[in-house]
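Same chain, two partners: subunit A is paired with subunit B first, then with subunit C.
The block that comes next holds the complex of A and B.
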């Protein structure tokens, strides 16, 4: 396909959503043009990503593409507009493009300042795409911070009753963590510069820091890890997440949990492991403990929740802990399945948050204790909810099972032959807890006797755009659950220095 | 026969050519001002722009020269002249509608121009007396400017406060200067450098340091000499506040750099040892930024919040002194330029709204995004830039300045303090953004903003974004300036 070789895909994937955001912002506030702008531009972005994936798959070096332009070149500081895409980036970009399209369809009935709403969603896509492509720390940090601003406005403009508190907490929490990361970036660049101009390129820094002593590696690894951990989020840096999710509009929640949390784990793999292999070894046991705590704590917290959306938010903490567990094995299989879990969780959590949004909107409340017997009133909705919950608890045949199976297997392999083999029980126990809280929540909300605590006479089932958007994601969950090889083939090509 | 050689004369005055343009304009302004206030403002803006043109050409030409052995023009003086002239044009532009002053006072623009000349003289001064003349020229004009809202008691109160603290600070630093003269026997800066390098730390040396530090500390609003800043900034007419915040303060920094970086630390910079003063400045920088930010959090008036944030920004720029490398100096200059546009822009927005009857409290800004969408968006850019959110110029400035402090490892804690402060500052800037965008206002009437405000806001907003995305040329320029300053 020589036809596609000259297309600057990477730049287009930033430009198309950016243009969409500008167009959407200038559509009329009260007519529903903005949603069409958002749907068309995000569909074009998704199509471009797919063509790009095809081009990359058939290239001589599969799944590797890089390009760089000089941006700032002075005696003091050298920064390039450097983009780089490998299998992991591509997967995350595809997930971003997909979920942005899905939420644009799902939220098409949004009528409150729709132009700004859809512009923010597309602006968010620019930032996310940028984070997954950036190959210069300056650029990476810019995109990293740029994603914050649309999300802040999505929560504080379209969120629930305590939205202002949640938005500002989200913003400051993650901003502070990013600043710690920024100090580490300064330190890396200063160390790598060795008296010459500061250079922030990923490759240049990695090369210059290759011989760094273990102590410095561990220190810098720790600072970067803190920045990424608050984003993922890992216990104890997770407290912003339940607030942000409970208050955010559905579209915000889907993007937040679906792709924004993955920025954290992406950063750990792309930067921490790749640049500081020795630091990673020093932190390995700590990472495993943090991961296990997050997995168990997240799952336990889920059982106690009465708000359906808060439960899903805590389940995200548990599942992202699973990602870290895979990463912490520092084995090629562990990291591969961690990436797979990032992808899988992105799909599943999107369905879960859309389901929660629907309950809140259609039944008027998300309190599990007030719900009951919804399956009779909303059969299609109940089917989607069941599918989403089962996928999330790791039902074999769906995508979540493959990921969690792989991660727990890699953890077992890592522990085999050591005296700590019992630790694998914690990971396995989480599966039990997860199954428990999901089934229990389902039992209380959609099955059983029809509730008399809320007025169900006006409750209606899923609308067409909502059904389409959830249907697309559910189909993909089943597809990749049955044929995980499609995704694994992409992940296999990823090269990370700290991984054996 | 006595003849007048015009070429020789031009060569003689060329180092102060931009200053002369402003002086002539200042003399003409009252004459025009008696006819039309608007014309004077436009005239002064044009005068500032032509002086910018001349300065830029001289820098492009690579010109260096000295006037009367007192004032020299080099890349540093040129760069700072460009900065002050930009400040003058922004201030003149936002003074066009003149709602806060009595009508037809052309002397207002004369005072602005003369104060700018004073600031520019400070940057090119080679010896302490000419430095002092520049400082006094700028200060005395500023006292009068603060009192320009003649029938507002707050303005008069601010002016008196400013006059008294200003007088005290003058007394302190002239005393310090006389001690320096006594120690070294010369007023010439390069002469003092040689003497001080060899001088022992005696009592008189210590007293000179402390009085100079206190005297100039007032000028830049360094904690604990900052108490006048919020009252004066709040009471003065907003264009004058802008002028003080983005102009006068920069002059204070130039003096700081000249006295401390060049005189006291010069020998240490060459040998690479750490001077005790560097520790003093590091601690003062940390305290200044922390006090400014923490007090700013509790402010309800936008103008006072910006005043305290100005104190915090001064703390960031003070990082240059302890770090004291070429890179840090470049970062300091870049930060000053960035500050002109982001802080200046924010004040222009405040003035533009005040001119339409919108109050100065954060609660008055509710629902602004519906009433003046473009102005609110510009304010969002300025505030986010001040908070250091990429890709705006404030981020680049902080990025460069903070990264410079990591070299060598001595000042890592200072970077950590600065970064924490930067995070705190986001909170109070976000409060204003939230009021503008999220809160519902009491009215939805569109605000008609005066054209000259629109121009000033547009200039600042474009600068904040364009320099933010393409900082390369400005970094180069600041690099030249820092080089000319540290290695004359």
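The block that comes next holds the complex of A and C.
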């Protein structure tokens, strides 16, 4: 429809949540107006994203859009406010818009400084949208850091008992990693400038670095990879994640695991792979090893956890390892399904963290050893938990299965040319381990003897806003699991250099 | 064409109706009477009626497999994953008996699950999905689609075995057991499923498609290395071992008895475990590419049949005995398929291979077993419903109070024991014949000879333990005064029993009424043909009745029945003399299921939890320890900076604002003065 063609979607997708954040911040802290501001503005953002997706799908060049304004233009440095959206960006933006709306509904009973709380959530959305649209390294870095600040305050302001430790750890950890990334960005820009003005544009840098020698490529790839790896996070740079999740409020956890972690893998695909195809080849074996370690290590760590939320946090490490495994095959199938897994994990993990938040809030504890037989008291909660866990363990018919099937297959195909075919067993073994920790956790928390270690007399089941928000995500998990073609069509259009 | 409509075109509706029932009952079941049971039954009726129409159309047609252009589900790279239907005579037989028996079980459930209150909604939704999974599986046109339905059935079995995983009517202990059994069933079959998935990878890589029409095309097969097909077939068989509870993954099935008895009937007769046998029969074109694969199949089947039967010998739980007998009978089917396939594999090099007995026997027994096992389980359910216990030591003398149940169960027992002219008799003798067939082939022939002996001993044990069960339950005097029998079960429960007992008697005769031509597998000028080319009824009758082994197996079965009679009905033989009152080593070994449960526990504990604890230790102390140590050393060396960490959000906000502003100023100065 031509009607929509003149709407500057990209700018609006930054402005609407920003306006929402400002409005929410100025509502009265003790009245529950802020939640309506958050719900309305995030719903508008989601609607805009959907219309935008429709416009892009019907465009002459599907799923590609770009716009640029010069920001700083001197003889020495050129920074532009450059935005670019392709299939991968669009999926991540849709996920962001969806999850922000979902957590706004889910957290609507938040009463502790609700104005700041919802303002921070909307501010997060601005940062996330920016990261997924930025097409200038400087801009990219700014948005990258912008996401950090609201998350820090969400954890330290609305978190659990050890929230300050977790928040500081989160901040320092990811900030150190992004500093390494910043150095790499400057190195890239300097190298690309070759004596001329520093230009941070994605395309300019890529063009200028096209003939770069393998050593430099590998070095820069490594530095950027480190920055992104801490965000994903990959073992051994992961220890901030369990702490941050355990302490973060549910809304923070959902956004953190659902879309923030994807910034890391997004960066690897968008920057590392696209700009340094030779560097990627040099790092390929290392990436595969890191991915397999993350998958298995994360899954085993899950088995040992006693806190449900910590278990789910470690499962994210395992599943993000899957994403890296897909990327590391450097094949179009692998990268496509890695993107698919980013999307799938975003949806599934949102349900998982909402379930963990619920049990913590309603039963008063998330310690598995204190729980038991909850299905009798909280049947709807148990149904959601089961759905989320089954989706996460890769049940066919739900979205996680498609992603895992594709990633492990691409890995299998990659191994065909090598003598390491047995390595696929590690990826397959993780499917078994994943099923193991999820089923065991369900057996101990919602099934079996009804616990007498906590007082269950006042425990109530899922409330309406909670049920709606989880129901929406569960419906999408089933929809995209049954019709993965919809998502695949968007991913297909993504062009990444260095991917065969 | 029936009524001018080609029903085969609409065969995809068959699993769709149970899916609709699942959704409707799942969300709105409590708005209907009996938790929406009628809706589930209705969907089964429609599924059965459609199956019958499709089957009728197929059997009156050309006999070629019907595989319309599939729906393209997901495309990536050069690969395409499809959703479609594939109908040949095997599909027809499978969907007919699966939907028919499920229908009877659904009807029976109305009586059996009557007292479950609000939980009935969940029950009827889940069994409808279970049926959908099975029907979808048999109609699948490719392995990927099959795998999806395969897994859906897996999760349904998890949900239904764990139906009483919380608030069990018999108390907390039972809930704990049910939860554990459900988990075990899912995880053990998942191990097989992972193999299945690996098999999909191998086949997809080799054929760039998973469609049966592509994979079973001899021209495509010729382009693929035999070793790769062999690997693919073995991995698929790994899935079968999990799903059909074959050695060494058989141990989940006895535990699965923790669910309602109707669920056991569903799992054992109509769905779930039959899916594995079906997979072997469906994959015959791949499996017969290598005689070694078929030997493995036959060996696993033979071993399973034997060890499961031994475990049933001294068990005192009514349902568990039936569970072991299922494992044992499944082993029979796998053994028959393996033996028949072995013959084809070795003869294929010499050109055409007419239908072997093995394939026919395996599929035939699968069908017969479905009828008599559904009957046996539902009889057991009727007994449990009446007396409230599963322990046979506390039963006895029930035949007077439950005439219909005891008679129908007797028919089931006679059928499974292979009493002449009942359904089990025909298929079991065909299986024995099938195993005997390759025993003349060199060294491997001796293995088949051994398998034949095992199968024969299994036949004896089957007759013995089934009649031990029947005599203990229905004959003698009531052994426990505290058990009160409520008398015969309601009509909705006894009706299905009577219908099924007709089939348990008569379904064997179908082999003389056309079934012999339907369930065959032959290789005709390089093509793999399912259906047609069966032996004539006269030939089959002749082969069975003139074969000396028929009479040996019959004698063996009769001795088994007689022994059970002498021990458990007449009491003229004291079993405790043989077992040293249950203290003999063999007795305890069997009672402990060959220590398989402990083996599973040990493996999962060592490979799972112990490693996990180690990983957790590394994570907490080494990785995180390093991080915290590093942080502490930085903070420690700058004691003055520590004071900044007031833990007050406002202070941090201020620091950050100051930092941000100074950064902007520095940058601005740098840019404007040209310092960069």
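Heads up, the rule we're going with is that the second predicted complex is superposed on the first by the 499 of 500 C-alpha atoms of A that agree within 3 Å, B and C clash if a C-alpha of one lies under 4 Å from a C-alpha of the other, contacts with A are read in each partner's own complex, and residues count from 1 in each chain.
The criterion applied here is as follows: a residue touches a chain if its C-beta (ideal position, glycine included) is under 8 Å from a C-beta of that chain, and two chains touch if they have at least 3 such contacts.
The shown structure was predicted, so the numbers you read here are calculated from the model rather than taken from an experiment.
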With both complexes superposed on chain A, which partner does A:157 reach: first (subunit B), second (subunit C), both or neither? both
Of the two partner chains, subunit B (first) and subunit C (second), which one does A:424 touch, if any: first, second, both, or neither? second
Tell me the contact category for A:75 with respect to subunit B and subunit C: first, second, both or neither. both
Of subunit B and subunit C, the chain that contacts the larger number of subunit A residues: C
Considering only touches as defined above, state whether A:435 meets subunit B (first), subunit C (second), both or neither. second
By the touch definition at the top of the document, which applies to A:180: first (subunit B), second (subunit C), both, or neither? first
Would you check which partner chain A:380 touches, where first means subunit B only, second means subunit C only, and both and neither mean what they say? neither
After lining up the shared chain so the two structures overlap, which partner does A:239 touch, if you call subunit B first and subunit C second: first, second, both or neither? second
Looking at the overlay, does A:478 come into contact with subunit B only (first), subunit C only (second), both, or neither? neither
Which superposed partner A:303 touches (first subunit B, second subunit C, both, neither): second
Which residues would you name on subunit A as touching subunit B in one complex and subunit C in the other? 72, 74-77, 149, 152-153, 156-157, 164, 168, 172, 198
Of all residues in subunit A, which touch subunit C in the complex? 72, 74-77, 149, 152-153, 156-157, 164, 168-169, 172-173, 198, 235-236, 238-239, 297, 300-305, 331-333, 336-337, 373-376, 390, 395-397, 401-402, 405-406, 408-409, 412-413, 416, 424, 428-429, 431-433, 435-436, 439-440, 442-443, 446-450, 484-485, 488
Mind listing the subunit C positions that touch subunit A in their complex? 72-77, 79, 147-148, 151-152, 155, 158, 162, 165-167, 172, 175-176, 178-180, 182-183, 186-187, 190-191, 194, 197-198, 201, 204-205, 604, 608-609, 611-616, 619, 623-624, 627, 631, 645, 647, 649, 652-653, 656, 671-672, 674, 676
Listed in rising order, the residues of subunit B that touch subunit A in the complex are 326-327, 330, 384, 389-391, 395, 399-400, 402-403, 406-407, 412, 415-416, 419-420, 422-423, 426-427, 430, 434, 437-438, 470-472, 475-476, 479
Which part of subunit A faces subunit B closely enough to touch in the complex? 71-77, 138, 141-142, 145-146, 148-149, 152-153, 156-157, 164, 168, 171-172, 175-176, 179-180, 182-183, 186-187, 189-190, 198
